[in-house]
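Here come two complexes built around chain A, the first alongside chain B, the second alongside chain C.
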Partner chain A sequence: MRRRTEWRIFWRTVVGRAYPRVIGLQRERSWVFFDVALPLLQVTAFVYIYRAIQAPPEFTGFVVLGGAMSAYWLNVLWSMASQLYWEKETGNLQLYIVAPTSRMAILLGMALGGIFATTVRALGVIAVGTLIFRVPMTVTSVPALLAVFVLTLVALYGLGMLMSSLFLLWGREAWHLANLLQEPVFLLSGFYFPVKALGFAVALVASFIPITLGLDAMRQLLFPQMMEGLKFLPVGYELAALSVLGIVFLALAHQALRFFEDLARREGRLTLRGQ
Partner chain B sequence: MAVQKRAQETLRSLRVAAWLGWQIESNWTDPFLFAIYSIAKPIAGTLILVFMYVVVARGGLGNPLFPYIFVGNAFYIYVGAVLMGVSWAVIDDREHYGMLKYMYTAPLNIYAYLLGRGVAKTAIATIAVAITLLFGVAVLGVRIPPGEVDWAMLVAAIALGLSAIAFLGILLAGVTLITARHNYYIGEGVAGALYLLCGAVFPLDVLPRGLAAVGRALPLTYWLEALRRALLGGGGSQAIGALSNGALLGILAGSTATLAVLSVLFYRWAERLAHRKGLLDMQTMY
Partner chain C sequence: MSWEELSIRTEGLTRVFRPKRREARGQRREIVALDRVNLAVERGELFGVLGPNGAGKTTLIKILATLLAPTSGRAWVAGVDVSENPWEVRRHINMVSGGESSGYGLLTVEENLWMFSQFYGMQSGEAKRRIKELLEVVGLADRARTKIYHLSTGMRQKMNFARGFLTDPEILFLDEPTLGLDVQTARTLRAYIRDWMDRHPDRTILLTTHYMYEADELCDRVAIIDRGKVLACDTPAALKRTLQREAIFRLRVAALADPKALFQGVTGVHRFTHAARDGCVELDVVLGDENAILAVLGGIQRAGGQLLSLEKREPTLEDVFVRLVGRGLGSGEGAGA
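Take a look at the complex of A and B:
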């Protein structure tokens, strides 16, 4: 009976924390401009670079896909990893702590709400980008593409949950660290070019960021001919690696949340604002 | 006497804001980590372009388009940094620290204060631009022989270009002042649009005619062209290639002056509106 109540609270927390992120899309429709049009500016600039150097048209597809997936990375950085820092700044964190629920449920709700909202945005970027630039795509296997996409998101948001517990300790460093993890990760994960260009060793290290493997696998499944000589690893290996990363990150997030919450509590940082 | 007092007030506002900006930017960590933080982002941004180029050109960085892309991208670091440095001060002071209302009760020159807040980011951007250019010369083989650089044109272009970006920052600060939400994205959005339109990383000729025409109306297009001519000996865009160096700098100076007047007028209007609507101490918690 007690276990059933705990699960009920867990899922109600998940739904409750995901709710504002999902409903926010309906209430504040200006996101269509800010979250689709603005990322498209960057994508468009990169498309024109490839056009200026006369790259094959598939590279336009690489950029559009990278631009769409960048929305997930930015969501993980700013709305997962740094979220507990924002909550601390706005005075909500102590309410989370005293609420009779699991902190993992709060993070899971944030992740699910974030995935939903970001998917709508990413689909907007892909749809508009594909239409404007007439991207030549051939889906070789829909189930494999879906599996890669889902496993990438599980591992990526698992990493986001892990990072959010680390960020719990920090003040302004959290903001700067999230800022720092933008362009270097766009580079290392090959958001705008195949990651193989960085060399095997660098690509292997970058594979700890799940989006590296996810992007490479998705490009192989969408642009098979062009990726023939540009793929980093076979899709099967990347699927397996993404599964492992997902499990490891979620397990680590669970442990880290406990550890860092305890540490932040003992060091009195949970309610420290305006650092 | 009154003029002297105002000049002193302006200088003090600028100096104190620059110091405050530097503290906010840098005192969250130790100098070593701060140096890495300041350098890693722009270098990574440059390397994205390098690898985009390398993967298509298959190892060849000898194409004349590469230095064009490289120099434009290196100096574009200034645009994001200065724009955000100036306009972000409004968000920081109003939303984050809740201090903007006190700025308006203090004897300071608000334009000097906003520009001063951008000084720290400009200083950091200067280091990043210098390191990026050195990296290009030393590692990527971009040819910028110091003896062949037109130093006078370089200094003039940098001074005029940074002024243009700073006044654009004032204009965005005005927009931020009267915007409740999404003001977080305004600087980034404008920097992104300019990146596309002013030929930072590809010649304007590649753009569709309508967009290229917009690009030709922007001061930053002439700024980047002037920088390329000063450093590389030539531009690369046919669209403005026929202009002489003097004409190029003249257009840049004229458009910067126009932008300065427009931005100050717009900020004054936005300030009055914000005052009337009670937006100066607004905290959206967004």
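Take a look at the complex of A and C:
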């Protein structure tokens, strides 16, 4: 009975917390410009570089896909990891803590709401980018592509949940971490080029960011011929690694949330604003 | 009353804040926000914690609401230790803080309240029914579909107030719930609090306030707290009875330069407070014997002051507070004698 009540609260919390993000998409239409048009400008710059050096047309596809996936990375950094900082500043965090619900449910709600809103944006980038630049795509396996996409998001948002626990304790200090990670990850994860170009060792280290493996696998599944000599690891290995990363990040996030919440309660930082 | 029948109990509850080294600039001065506080709040009680800003009221509520850990001592809410099992405590409580700015600006009032209700596992239909009912009570029914970034501070506070009652908690913490609200709204909310307690005799409210009339009007019992220590705890009537052997006068005096100098050499004055109001000085004077008022009036005349009004009044909780701590509850008030 008690377990049933806990599950009911868990899932209602997930839906409740996802709601503002889903509804926000309808109510703040400016995202069409800021989250589709502006990222396309960056994509366009890379497309013209590749065209200028007469790279094969598939490289345009690499860039469009990277541009679309960058929306998820930004969402994880600024609307997932650092979200608890904002929640503390507005006074929502203390209401989350006082409620008889799981922090994981709140973060999962944020994540699902974020994934929904970001997917709309990412699809916008892919649709417009593919139309404008006439990207040649061949989907070799839809189920494999879906599996890679889903596992990438699970691992990526798991990492976001893990990072968000840091914001329970540190405010602005953790903010610097998010700032520090934004641009280097665009480079290390190969958002605009196949990650193998960085060398095996660097790509291996960068694989701790799930989007590195996700992008490489998706490129292999969408541009199989071009990726033949450029792939980092076989898709099967990358799927397995993404599964492991997903489980590890979610488990660590669960433990870290408890640990940092207890620590923040002892240090009086759960409700301390303007840190 | 047995321990099991208590909604809230604290034993030697202490919270010390230690500033970070870089914040303290070499002076690592500890702040004792709560100092060995012992309280016992019975089920069904509306219990007030009255004290000035910085007295430790919010720290107390944060510990009881599992937002802050005590440095030492223990606290139980609904019979559960807040340090050992905060998860269990949260099943029994809700909290409203004055001046809260919680919620999401893009959502409407009813959507925000619905979202918070989901964190307690409420059925959507039941939540919507309760939201409608509570918005009527707090006078926000016509704003139910307004996005909250369009609301004034007072309206947001009303919404937060409704949020606290929405989940029908067994124990509700109200931290300065009428802070910053206009008189009429504050009165409406106080009336609702009292009515809710009358309709739910098994519920408990712990309310902190620095408005003495709020504590006096609402609370079954009041703890007076200052600098982290509980100085007295009883019913408002019993607390005021402790002053009944004294006579309290309120005087309004114009053209009085130094109110403190007025009482020099005047015998029989136990305490006084003064505050500038509407261009004159309002003095509350507590006398051991009411005949001493003649000496006070003589002092006013000697000081060149002009007496505008004189009234003998019943003791208030503020008088009790002044007797206990030697200063008034409001800021800018002096005290002496």
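Annotations for the structure displayed:
Note that in this section the second predicted complex is superposed on the first by the 275 of 275 C-alpha atoms of A that agree within 3 Å, B and C clash if a C-alpha of one lies under 4 Å from a C-alpha of the other, contacts with A are read in each partner's own complex, and residues count from 1 in each chain.
Basically, a contact is a pair of C-beta atoms (placed from the backbone, for glycine too) under 8 Å apart; a residue touches a chain by one contact, two chains touch by 3 or more.
Note that this is a predicted model, so its numbers are computed, not measured.
With chain A as the common reference for superposition, the partners chain B and chain C occupy compatible, non-clashing space. In the overlay built on the shared chain, the residue A:271 is in contact with chain C alone; chain B does not reach it. Judged by the touch definition given at the top, the superposed model places A:90 against both chain B and chain C.
Which of chain B and chain C touches more residues of chain A is settled by the count: it is B. Angle at chain A (Cα centre) between the Cα centres of chain B and chain C in the superposed arrangement: 90°, in steps of 10. Contacts of A:20 after superposition on the shared chain: chain C is touched, whereas chain B is not.
Once the two complexes are overlaid on the shared chain, A:34 sits against chain B while remaining clear of chain C. Once chain A of one complex is fitted onto chain A of the other, the partner contacts of A:49 are limited to chain B, with no touch recorded for chain C.
Of the two partner chains placed by the overlay, only chain B lies in contact with A:180; chain C stays clear of it. Between chain B and chain C, the shortest distance over C-alpha atoms in the superposed arrangement works out to 7 Å.
Judged by the document's definition of touching, chain A residues 28, 90 lie at the interface with chain B and also at the interface with chain C. By the touch rule above, chain B contacts chain A in their complex via residues 28-29, 37, 40-42, 44-45, 47-49, 51-57, 63, 65, 69, 96-97, 181-182, 185, 188-189, 192-193, 195-196, 200-203, 206-207, 285. Of all residues in chain A, those touching chain B in their complex are 28, 30, 34, 38, 41-42, 44-46, 48-56, 59, 89-90, 171-173, 176, 179-180, 182-184, 186-187, 190-194, 197-198, 230, 274-275. Put simply, chain A touches chain C in their complex at residues 5, 8-9, 12-13, 15-17, 19-20, 23-24, 27-28, 90-92, 94-101, 106, 262, 265-266, 268, 270-271.
Taken together, the chain C residues at the contact with chain A in this complex read 15, 17, 62, 65-69, 86-87, 90-91, 93-95, 97, 100-104, 106-107, 111, 114-122, 147, 163.
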